[in-house]
Each structure stands twice: as structure tokens, then as C-alpha cells.
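After the C-alpha cells below, expect a handful of questions from me.
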Amino acid sequence: MLILELIVKKLDASATGVYLITVTPFTDSGALDLASTDRMIDFCLDKGVTGLTVLGIMGEATKLTAEESRVFVKQVLTRVAGRVPVVVGASAPGFAPMRELTDSVMTLGAAGVMVAPPSSVRTDDQIVAYFDMVNETLGKDVPWVLQDHPVSTGVQMSTPVILRILKNSPTCVMLKHEDCPGLAKLSSIRAASERGEVRRVSILTGNGGGLFLPEELTRGADGAMTGFAYPEMMVDVCRAFAADDIEKAHTIFDAYLPLARYEQQTGIGLAVRKHILAERGVIASAAIRKPGPKLSAADIADIARLTVRQTRRLAEIA
Amino acid sequence: MLILELIVKKLDASATGVYLITVTPFTDSGALDLASTDRMIDFCLDKGVTGLTVLGIMGEATKLTAEESRVFVKQVLTRVAGRVPVVVGASAPGFAPMRELTDSVMTLGAAGVMVAPPSSVRTDDQIVAYFDMVNETLGKDVPWVLQDHPVSTGVQMSTPVILRILKNSPTCVMLKHEDCPGLAKLSSIRAASERGEVRRVSILTGNGGGLFLPEELTRGADGAMTGFAYPEMMVDVCRAFAADDIEKAHTIFDAYLPLARYEQQTGIGLAVRKHILAERGVIASAAIRKPGPKLSAADIADIARLTVRQTRRLAEIA
Amino acid sequence: MLILELIVKKLDASATGVYLITVTPFTDSGALDLASTDRMIDFCLDKGVTGLTVLGIMGEATKLTAEESRVFVKQVLTRVAGRVPVVVGASAPGFAPMRELTDSVMTLGAAGVMVAPPSSVRTDDQIVAYFDMVNETLGKDVPWVLQDHPVSTGVQMSTPVILRILKNSPTCVMLKHEDCPGLAKLSSIRAASERGEVRRVSILTGNGGGLFLPEELTRGADGAMTGFAYPEMMVDVCRAFAADDIEKAHTIFDAYLPLARYEQQTGIGLAVRKHILAERGVIASAAIRKPGPKLSAADIADIARLTVRQTRRLAEIA
Amino acid sequence: MLILELIVKKLDASATGVYLITVTPFTDSGALDLASTDRMIDFCLDKGVTGLTVLGIMGEATKLTAEESRVFVKQVLTRVAGRVPVVVGASAPGFAPMRELTDSVMTLGAAGVMVAPPSSVRTDDQIVAYFDMVNETLGKDVPWVLQDHPVSTGVQMSTPVILRILKNSPTCVMLKHEDCPGLAKLSSIRAASERGEVRRVSILTGNGGGLFLPEELTRGADGAMTGFAYPEMMVDVCRAFAADDIEKAHTIFDAYLPLARYEQQTGIGLAVRKHILAERGVIASAAIRKPGPKLSAADIADIARLTVRQTRRLAEIA
């Protein structure tokens, strides 16, 4: 543990690239699958991700017992061994459980935590006040990511609200931008830091599961934080952008878009993702814990067709 | 028409007392019942209401055709004949229909219109911008009431937002306060006008259908704008308050509370109200247009018991 | 532990009377207050409650750490010592944490658990399927309470759906009825068991915090499961009903109604309840964990006035 | 008028192809633009659409006055002159206005109306009962389309509910399928008619604005009813499918997908669509009535890039 603490670099505002939101692998019988977890970590790092995010919605976090969450996070952090920063979802209905989870994962070697507002806050002042309490809860030493995801939280954070939160939160180093449509908001937050009104934080996007990545990079995003069974798409798009080859970035993106769109369907999206990851040999089982969706034969046929077409198109543009 | 325009006093910020939200009477076969409409107007004025509000949610406004709305408003205005101001609900999904309805009812002699925000606006800035457009739509000559009713709109307007709207809206003369719990908001809006931060407007309350009237008057409300089959309750509570007899106000209120609570049940409340109004001989039929609730024999037995008890308690405190 | 298991009677369908939903007492600094917990248990039993429910929404369950929840439940069960059944809220976003919590509290001596549907289920079939999984999770030995509370869950369970759940769930022994307006639903569920279509379960009501208790008892409810700083109101109303003195039941109810109404305000209701319980000497501090409301001086003055009036009215009807 | 009535074929269950949901063209000053309306009709028919749908959400229906709606529908029907069926959105909060609008547009020559459930209905039985009242309102002679669009209505209609509605509704001839994820539902509705459990109706899809069209056609959809600034995409995809060339259908679809995805962004989607239609010379102005979004220079640059890339890709696959 001591060694880990020495080598783990905490999250900071310079983060770029792809922070992949991982799934949580289970065996067919529904137990945590730690061997698949290790394989998944290696796969992600091999594909070039620059960070990982665990215990998000797509990680079935709420279906794990407290002990399972601890075991899973520990396994991830041990396997990663400081090679990339790992962010842990810490949204909780109360501050005592938020602090408990945060203390636990930071001790294990997490680089920071991610917090979304609860659906009970609505007005601008309520949202700002909530994050004041988050700051009080997390303390001065835990870097954190502000998650803006109205589809799941029901909370609309306007640009002025986000700027107020950033001003009040010296340890908030990143915005996970998932509002949709969110391009205008992204532009205005970047403009505010360029005008010096607020310090510049990292902005990673997850808008529709990466379905607007090229446009978001153009607007000033530093990369993506979302999930997709082909993380190499996001890595390659970000790299092409970093190399100033915007057309190439779009061409890569477009090749993956038909399947990405299919995987981003609300409800069955996670089942599609785990199915593909299992097909790719990354995880042993596509099992999802109840309550959760199952793919039909027709769904699987759709995925097979889209995968074949994607492979063909990737060869054409290579 | 000319004559009406001469005698109709427009709504202003000095409004006090009870602006009753009326039902829309139908015959058993579902047609507009204009004779009952006249009788209802007379009943309300006889009980001492100081204003009327028509075409609200409890007036089944959305179930009327455009022509029926016009006929009903005209009948009300003709019968009232300028004796009290009549406010007309003008919330609409678009500004063209809002203007059309407003022009029409103001020409007929309405004292002002009432507007609630659409459920699509969420952030503070969106809400304020919406009412800027309302001001643009209504123009300089139409006094209007800001309706704050989160239960039906889903829109949470914080005190700072309401103050911003009042500052931007010279023709907004009244707040219909229906947020719940809303006592703290009521206190803070009154405090702002006392500190001179914003001009004083009339505040009439509808919180839970008048279920917090005594406390709201204590906090600075000027009266009530809501519906109840016994408008005399609200009138008498307001009068006792105006006479500085707060204990008497509570005692009157408490006598009606068991039935008021029963009438305020979401869903069947309107059926309860129309049933009682029909029992009292005010309207000919308790009919509600579809889709709408129907009372069961057990509901009617509940109302009968509560009414007997209310009559007895009123006699005790007389 | 062994001894407790021997004496604890599990919850069954014959439950009647008042199952009070308790608060969770904290010290002024926000720590669990176990001395106040003991005092609160004694107070409740002294007032005549026939059961207790802990870790509900009004118990600030989501603001406790897992360890705090365990400590609190253990304290309650130890103090109760089998004198009345204790039900524990076990709603959880996943089945693994639901099972973990259930196993833990049943071992400690709980009489059963209570489960509400998650907001993600919507159609009739989805709701029924969800509770099939609940049955699978809880197993054959844990009696459970079906909580129907649309205001907090957003899930509308129609009468046919509730009947389907009861048919599929041999261990569901109670319905916590909190739909509002819910009198018609209550009547139709009772009618179904009287026609022999479904077995009879206990129905305890919480509609608006007991604000419809007399009417609900008339429709066939067996009692109440809700919270109020004056549990004796609900106990005395239930006893008058059991003695067939319906008018007396109403008269008692009406005396408490003005304060009960005030305590049931969404948002600040829990603060009102804890304030009164502290005033009555039941708990040492009215503290609520963040995020939570605070009472103003004006709120406290309202409560003081209502309390004085209630005491006077209770003396009049004694 | 007599002539129109003779030649207008009413909507029936054999409908296939693309029923385009049209925009409502305005001038820069916000007035109805009837010349652009005529041009838009000609453009759509020229591109091969088999039907039109007007006064939907994307047609800014709620922002029109009653008179403007009538004028616009009349203009469309006159220009179409019976060449394709025109469906008119008739969802309304009450049945009197629904009947009024329906009578009016059927007299003018509409082929049928479209109805979505109001957000107030929730349980299976409530939804079914609502459409029983729709049938009663529309009568025996008006063919209607059942619109299943949970994103805008909040109403989840399960497959059993849709089958119950179809059984109760002899004049419901089409399902506008917009649930997302909806492929499983589409498959199960088709399976039910194949098993003879329910009569076969036309199913046109609008899932995400056509973003799943190829997969939906594979599952048994008869075509699309949605909007897109390139209606030829949907027409060509449907034609390739009808010719059994599924790969070609996908290839066409994929070429348009990057821009289609951009146009389907919630909130600014309509502004994107009108911008492109104006660029294509179809409508004179991209104006949207307030409240509505405006495109930024960055948005317009995005669209320009995507359009260039689309043109290039279409040339490659031609």
C-alpha cells in the first residue's frame, strides 16, 4: 500500500486523452470475475487509454455490495499499478457514505473521485450549495471530477452554475461533460477560462457515449470519458486531433459510428457492450446482474452485421 | 364593449383578499352551462370574494375548444360587470397563442392574465429569459400574474429568480404563490421588497389549495388565489386577519380544514369540489369532462360526514 | 443473538395498529445519538405503537454509512427486545445490496423488511417482474412489506398490479399504502380479498403522513405506518375506530390535523418533526444531516402557536 | 372542397415508405411562409416521400395560433392535392379540442390524424382507457396513428398495452414507433400479428429521428415517419430494402449518419434542420419561433464540414 501511495499521481487539470469507463465483469453465475477484470485493464491500457473510471452507472456500481465494490476497486488499482490514473465514482445520496467511499478508494490508490448532483437539487443556488458541501466532505486533498449528466440526474447545470462551482472548488480539476446538446455549453466554458474568468480545468466528454467526440474536440474538449467496446476509436480520434488531422479524425470516427450508435441505445447498451467485449475475448462472460437487459438473437445478428461492416470500412480507410 | 372598457379596473399591485379560482360548469351531457356560470358568479360575489380567476387548471381550461373558452370568459365578464377584477389564465406553449388569447380576453374586459412557466425551462437563466419573452408578448398595457406552481409545471423558481423576473417586468403586479413548502420563500420575497430591493407586488397564495392560509398571511401574503367549495372560509380568515384577530382566523380555518384537506386530494379534488358546489345549489351538475375522475358512493359518504361535522363545528365557534 | 431470534415474532398479515416510522436521532455535531434512540423507542412504546419501521426516507437512511445503519438497527432491536415487531427499509438499487442488508437485519432480529420499486420500472409487467426478483432475492423466510409510494418513487402501481404482486409473493404480508388519492385503490384491494381473489394482507397507510387516516380506516385499512411527532394521535384514532366510535376518531384526528398538516410539508417536514420531538424531550437534538432543511424563527413560531392551540383543543374534547 | 374529398384516399394499414414530418416555414419576421410551404411540399414529393405529417412537435405546432394552424394545413393539403396522404397531429389535452381539430382537418382533406397519450396517464389500464376515449372522440370514420414517443410524453406503452389498444381500435391503422430502445418491441408487435393475435397495422418508425432505420426495417417496420433535412436518405434506404439489398441500405444509411446524428441533437435539432433546408433552397428562412434555439457560428461550421464530407462519401458509394 505504501508503495502504491508513493507512485500514484493524483488527478489534475492537465488530463487529456481517453479515460475509459469500464464495465464490471461478472461470471455467468453473477459473481465478480477478477481474472476478466485484469484482462480488461490490460486490454484498455494496450489500446492506449490514458485513464480509467470505475464504479460509474455503466459499471453496475449500485448492484454491488459494499464489500464487492471494495474488492473490485482494489483489483483494478493493483493491476493498473499506477500506469494511468483511476477515477472512482463517489456520488451518494448522503455525505457520510460519500466520505466513507472516498476515504476507502483514495487509500487504495485512486487518483480522484467523480461526483454528480442528486436529482433533488434544482435551482442554480441549490446546485452550487450542494457542491459547497461536496468540497467540505472531500476536503483539501482529494481531486474530483464534476459530472454533468442531466439524462441520468435530471439536473440542468447552466454555464454560469458550472463556473460558480469551479470558482468555489479548488480541488475540482475536471468536468465530465455529458449534457446533450452540449456543444454550446462546452464552447462557453472554454471561453470563460480563456478570458481568465475561471481557471482552466480538464474537460472530458461523454455526450451520448462519445457520439459527438470530433465536434467536442473542436470546441476545446481535452478528450473523452465514456465507455465503448472499441476504446481504440476514441484513442485514435484523439490522436488524429492532437496531430491536427481533423479530417482523419472524422473518418476514423465515421467508421465506428454505426456500431457506436447501436451500443449507445438506452437500456440495452450495456448488454451490447459486454457482448462485444466477450466476443473480443476481453471478458469471459457478457453477464449483467439483474435487473438488466438481455440481447435477443436478432440483436446479436444486428451486432454481427455491424461488426463485419465496421471491419471492412476500417480496412478501406487504413 | 366600450362601456366595459371604461369601467374595468385593471389588476394592480394593491390587490388583496380572495381571488377565487372558479370551476367551469357543465351540464350532465357535458355542454357549457351558462346559467350555472351566472349563478356561480353571484354566489362567489355574495360570499365576499374580491376577484375571480378563470381558465386555470381547475377550470378544465384545456378541455374547452377555443370557441368555448371565449364564450365562457365572455359570460363571466358580462355577469361580473366590473364588480371585481377577473384574471384569465394565459399560459400557452407558444407566444402566438398566448398573445391571441390575451388580446381576446383583455378586449372582453379581463383585468389581467396569469402566466406559469412551461416545463421545458429549468435553469435560473432559462426561467428569467422566458419571462422576458412573456413581457415582450404581453406588451406594456396588460397587467399579469406570475404563477409559481412547481407541482404542475415542474419548474422550481428560487427567490432570486422571482426577484429578477419582478425587476424585468414592470407589468407583473402579482405573484400567485403555490410553491410548497413555500413559507420561507414568501418571507424572503417580502423581505426583499421591505429592503427596497424590488417593488412590492401583491402576493396571493394557493399553496395546497389554501391549506396554509393562516401561516401565509402571517408571512405577508395579501390573500388567497385558489379554489374551494367554501370560499367563505378564505374570505372570513382574511377578514379576521385584517382585523388583527389571528386566533380567530385560525379557529375559522381549523373548522374547515378537515373538508378542505379532503377536497385538495390530487386527482379527485375537482370532482369533490363540483359535487359540493352542486349540493350547495351553486351549479346544476357536478359533471367533469373526460378525462376526469368520478366519485364513488364511499367518497360521497365521506364528504357527507365531513360536511355535517363542519356545520356542527362552525356552529360551536360562531 | 440466539435469544433474540427465539423471541422475535416475524411480521405477518394480521398486523394492525400503528407502525411508527422513526427518525434517526443525531447529536448536534451530527453523530448517531444512541441514548436518544433508546429514549425514542421507549416513548413510542409508551404511546401505544404496535410496531416500528426504521431506515425509511424519514429516517435519513441514505445519509448513514453502512456501519452506522448496522449500529442503529442493532440499537433499536436491542432496546425493543421483541416487544413489538420492527420492520427495516431494504429498498436498494441492486439485489446484491438488498440481500446483504436483509440478511444482516434479519439476523439482528428484524421482523421483516420493506421494499419499494425503483423509479426505473414503469409498465405493469416491469413492476410485476421486479417484485418476482425481490421474492427470489429475499427467499422463503423473510416476510416483507410492499411500499406503494408514488410521490417518492414515481412508480404508479394500479390495483391489478398490486393484486398480481400479492399472488406471486407468498411472503409479502403487508401493503404500505401511500398512494394519494388512494381511497379508491384501498377499497378495491379490500374488495378483491373479500371476493377471495387474493389472500388478505395487512394494509397500513401513510397517505400524506396519516392525513387521511379516518377515511382509510373506514375503507378497510388495518392501521397506519407513517411518522408524526404525536404518535398518540394515530394510536387513539385507531383505538376509537376499533371501538366503533367513528365520530370520536374524527374528533381526535381533527384536533391534531392543523399541526399534522404543518409537519407534512414536503422538504421541511422532517425538521418540524425533529423539532417537536426535541421539544417533547424525546430526542436530545433536532439536528438533521446535510443536505437537509433548517427551521427559521418564523417556522418555530408557527409550530409554537399550533402546539398551544392543539393542547387547548385536546382539553376541550377530552 | 368537394373535389378534394373525392380524391383523398384515407390512411390505411397498408402504408409503407417515408411519411416525412415537415417543418413549418416562417419568414425572418416570424410570419407563416406559404410560398416556402409550397416549395417544401414539392421538394418532399420530388424526393420520393409517400406521405407527409404536419403539426407535429418538430412542426412547432404549439407555437401557432388556431387560425395559423388552419391556414397552414389548408395550404399543405391544397398543394399536395391528393398526391400523397397527409397525416395531421391531433394530440390535445382535452377531447373537445381534439375533436374540433380533427373535424376541421378531415374536412380540409387530411388522410388521418395522429394521437399520442398525455403525460398524465401512467398505468397500463389508464393508457388503454385513454385510447378508448380517443376512439369515442374520433368516431368510426377517421383513421388514426398511435404515436409511441416516451421521450416527449413520458408514457411507457408496453407491447401488451399496444396490442390491447389495437384490439380496441378498429380505426387505428398505424403505429408511429419511437420508443428507444425499441427494436425488441417492434419485433414482438410484429410477432403478435403474425401469430394472428392482432390485426396487422402499418408500423413507421421515428426512433431517434431515423437513426435506427436499417435495423427497424429488418425487424418488420414498413418505413419511417420522421424528419430529416435529407428525406432522400430514408427514401433510398427503404427502396434498397424493398429490393432486398440490405447491405446497400446500410451503406446509404451510413453515409448520411454523421449528419443525421448531428441533426438529431435534442434542443437544437430543429434549428439544424431548418438551416440545412434553407441552404438547400427549400425554405426561404431558417427562422424558428420563440422560444427556440439559435445556431452559433461554430454550429454552422460543424454542419458545413459534415455536409462536405457527406457529399464526398455519397459520391464514393454511388
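Labels for the chains are A, B, C and D, by order of writing; each one numbers its residues from 1.
Operating definition for what follows: a residue touches a chain if its C-beta (ideal position, glycine included) is under 8 Å from a C-beta of that chain, and two chains touch if they have at least 3 such contacts.
None of these values were measured; they are calculated from a predicted model.
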Inset, instruction - State which chains count as neighbours of chain B and simultaneously of chain C. - result: A, D
Inset, instruction - Determine, using the mean of C-alpha atoms as each chain's centre, which chain is farthest from chain B. - result: A
Legend entry - Angular offset of chain A relative to chain B [C-alpha, multiple of 5 degrees]: 180
Legend entry - Between chain C and chain D, centroid-to-centroid distance (C-alpha), Å: 48
Legend entry - Between chain A and chain D, centroid-to-centroid distance (C-alpha), Å: 35
Legend entry - Distance from chain D to chain B - Cα centre to Cα centre, in angstrom: 38
Inset, instruction - Name the residues of chain A that each touch 2 or more other chains. - result: none
Inset, instruction - Could you pull out which chain C residues touch chain B in their complex? - result: 180-181, 183-184, 187, 211-212, 215, 218-219, 247, 250, 253-254, 257-258, 261-262, 265-269, 296, 298-299, 302, 305, 309, 313
Legend entry - Residue ranges of chain D touching chain B (in the complex, touch as defined): 60, 62-68, 92-97, 100, 118, 120-121, 129-130, 133, 289-291
Inset, instruction - Show which residues of chain B lie in contact with chain A when the two form their complex. - result: 122-126, 156-158, 160-161
